[in-house]
Amino acid sequence: MRFVLVHDFWHDGTAWKAVADELRHAGHHVDAPTIAGHGPDADRDVSHDDCVASIVDAIVRIDWDDVVLVGHGFGGAVIARVAGEIPERIRRLVFWNAFVPEHGNSVTDEVPPHYQELYDSLAEESGDNTVMLPWPIWREAFINDADEELARSAYEQLSPVPYRCLTDTLDLDGFLASRLPRSYLNCTEDIALPPGRWGWHPRFSARLGLCRLVQMPGSHEALFSNPGLLAQKIVEAGRD
Amino acid sequence: MRFVLVHDFWHDGTAWKAVADELRHAGHHVDAPTIAGHGPDADRDVSHDDCVASIVDAIVRIDWDDVVLVGHGFGGAVIARVAGEIPERIRRLVFWNAFVPEHGNSVTDEVPPHYQELYDSLAEESGDNTVMLPWPIWREAFINDADEELARSAYEQLSPVPYRCLTDTLDLDGFLASRLPRSYLNCTEDIALPPGRWGWHPRFSARLGLCRLVQMPGSHEALFSNPGLLAQKIVEAGRD
Amino acid sequence: MRFVLVHDFWHDGTAWKAVADELRHAGHHVDAPTIAGHGPDADRDVSHDDCVASIVDAIVRIDWDDVVLVGHGFGGAVIARVAGEIPERIRRLVFWNAFVPEHGNSVTDEVPPHYQELYDSLAEESGDNTVMLPWPIWREAFINDADEELARSAYEQLSPVPYRCLTDTLDLDGFLASRLPRSYLNCTEDIALPPGRWGWHPRFSARLGLCRLVQMPGSHEALFSNPGLLAQKIVEAGRD
């Protein structure tokens, strides 16, 4: 299969390295582009449209079709819009603990009020309208299944996200019209969004209509803490 | 133990073959009768009463008592009523991702509106008031944990269900009076009913009152995708 | 690490034996004191304050600090208040399918009405205001993952709990002010509280604010049915 892996905010394409290695080892083709405005050296003056365009460009550049397009967290809001732009190149969408915003919402509209307030104040303090999650929150709520050493090494790979990408309202008409097959991959210990009313699943999975559910144990950052199992579940989510 | 396994709609008794083999290999006795009106060559002019009578007859014919009576999906609505008819032959009921209708409801009253509408239109189109689930829905929502080859071979074993069995209102007074021990076996990736308000668990399990919960990873069709683990969990649900 | 394990009602400190052995074998230090009023030979004329004082005393007596304080079930309502008394000795709190009462509530305020009524009537019948759970309920709802032999041997180790400990209203101001790191360890088949509105998780975990979630398969009594995995998950919940 041909997997295009689209990362979460704070990450860049290199975060997928261990997962991509596993997928390639199993015989698959993998591309893991970095979203515009993301990564340590990026120009952070970007909109959500720029994010989407950067992934569309990456797929067009490698000229793949029959793509299984995987989005993680914020990447869900990106792949949904990419699917609206180039549906003819995509075989299936896989949302891994990923945002599936309602048409007209921004990503921040989809997080609970205490996160909205936190992000607002972090963006204001940043001086350049970016957000970086403090270590204590990330360690407990994002990578709760790792030991401290792995958690710290993963945290060191993060970089601030342009807040505008999270606050832009999103046009999802193209996605909703595309009717592409879709899967939701849910890590059962992912508490980056709090379980229940504001949780990932079934809140976002239910918005996808007919949708294949795949689950595995793990946190939001299972790409670091359990890349082997994650790769296997991405295959199960993406096949046929 | 003596297990009587009661299948879901679209299935017949042969769907249990791999599970029954596992149970027999572990030293148990197994009967897997086909519900009236089900199976490829059945007379489809049957009521829910006929469904119940056919399972009562099957148990009386083999003359078992101390039976662990297992119902899958629609089979839950059958075993609940069988328990009201012949409680003296039954040691425990095991509902495996099974309907536990409220007294006076039909099975279709217990599914979300989009499934009701789908079933209504499929029944109307059928010409003989039967319902067969289209492949795309069954593949994604019923056997989401299998690869395509297994999913297709399992789909080929299905046959249309007489819709009247799903729309008959059900008298569950006998069941409610029986006070037989009961278990609920939940496959955690079963999205044949959508997770949440309309989901299998805890919606139906809560209706059973004091009830032993057993869970396993798997889809609604784990009898095909993981018969070994399913057999083990049926034993855990059914013992003492 | 230094673990202090605080048991549930009906248990005493010896219930942790298999878990403590596993933890010690992995190089950790473990103390498993018995809460005042608990255990077969205890004076049952105790209040919740006495329960808390007995655990504070136990920790002061062994003179540990940097303690990972683990509470199971009722033990959650105890460790929360212990944390308010001696926060300087505690590194992290681990609530394992444990009560996290709201300030001013009693433990019985946190259980569903049918349990409140059951406990009330059991206490009245006891003659000495104690409560002991009947075998059929305990077997199905507390140790649903064990075979009958293990379930019976575990049940024989239980003793009645002074009901006053469950009905005293609890002052949790000190706990709420302590801001100690905390984890919630959830056994996914624990139905001692019914899943959903009255369930353990996310109802109680959400009250902890920023909190590390760890989950494992198992019932409320996994300390008997799966002590090895439980010990491992207590380490994951308690580390850093």
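So that you can tell them apart, the chains are marked A, B and C in the order they are listed, and the count of residues begins at 1 in each.
The definition used in the following text is that contacts are C-beta pairs under 8 Å (C-beta built on N, C-alpha and C of every residue); 3 or more make two chains touch, one makes a residue touch a chain.
Quick caveat, the model's predicted, so the values are computed rather than measured.
Undergrad: Nearest 5 degrees, what's the C-alpha rotation angle taking subunit A to subunit B?
TA: That pair's rotation angle lands at 120 degrees.
Undergrad: Have a look at where subunit B meets subunit C and say same if over half of the interface residue numbers show up on both copies, different if under half do.
TA: Homomeric contact, different residues on each side for the most part.
Undergrad: Based only on mean CA positions, could you tell me how far subunit B sits from subunit C in angstrom?
TA: 37
Undergrad: Check each residue of subunit C and list the ones that touch at least two other chains.
TA: Residues 188 of subunit C touch two or more partner chains.
Undergrad: Which of the residues in subunit B end up touching subunit A in this complex?
TA: 136-137, 139-141, 144-145, 147-148, 151, 188-189, 191, 194-196, 217
Undergrad: In their complex, what parts of subunit C are in touch with subunit A?
TA: 181, 188, 201-202, 205-206, 210-215, 236, 239-240
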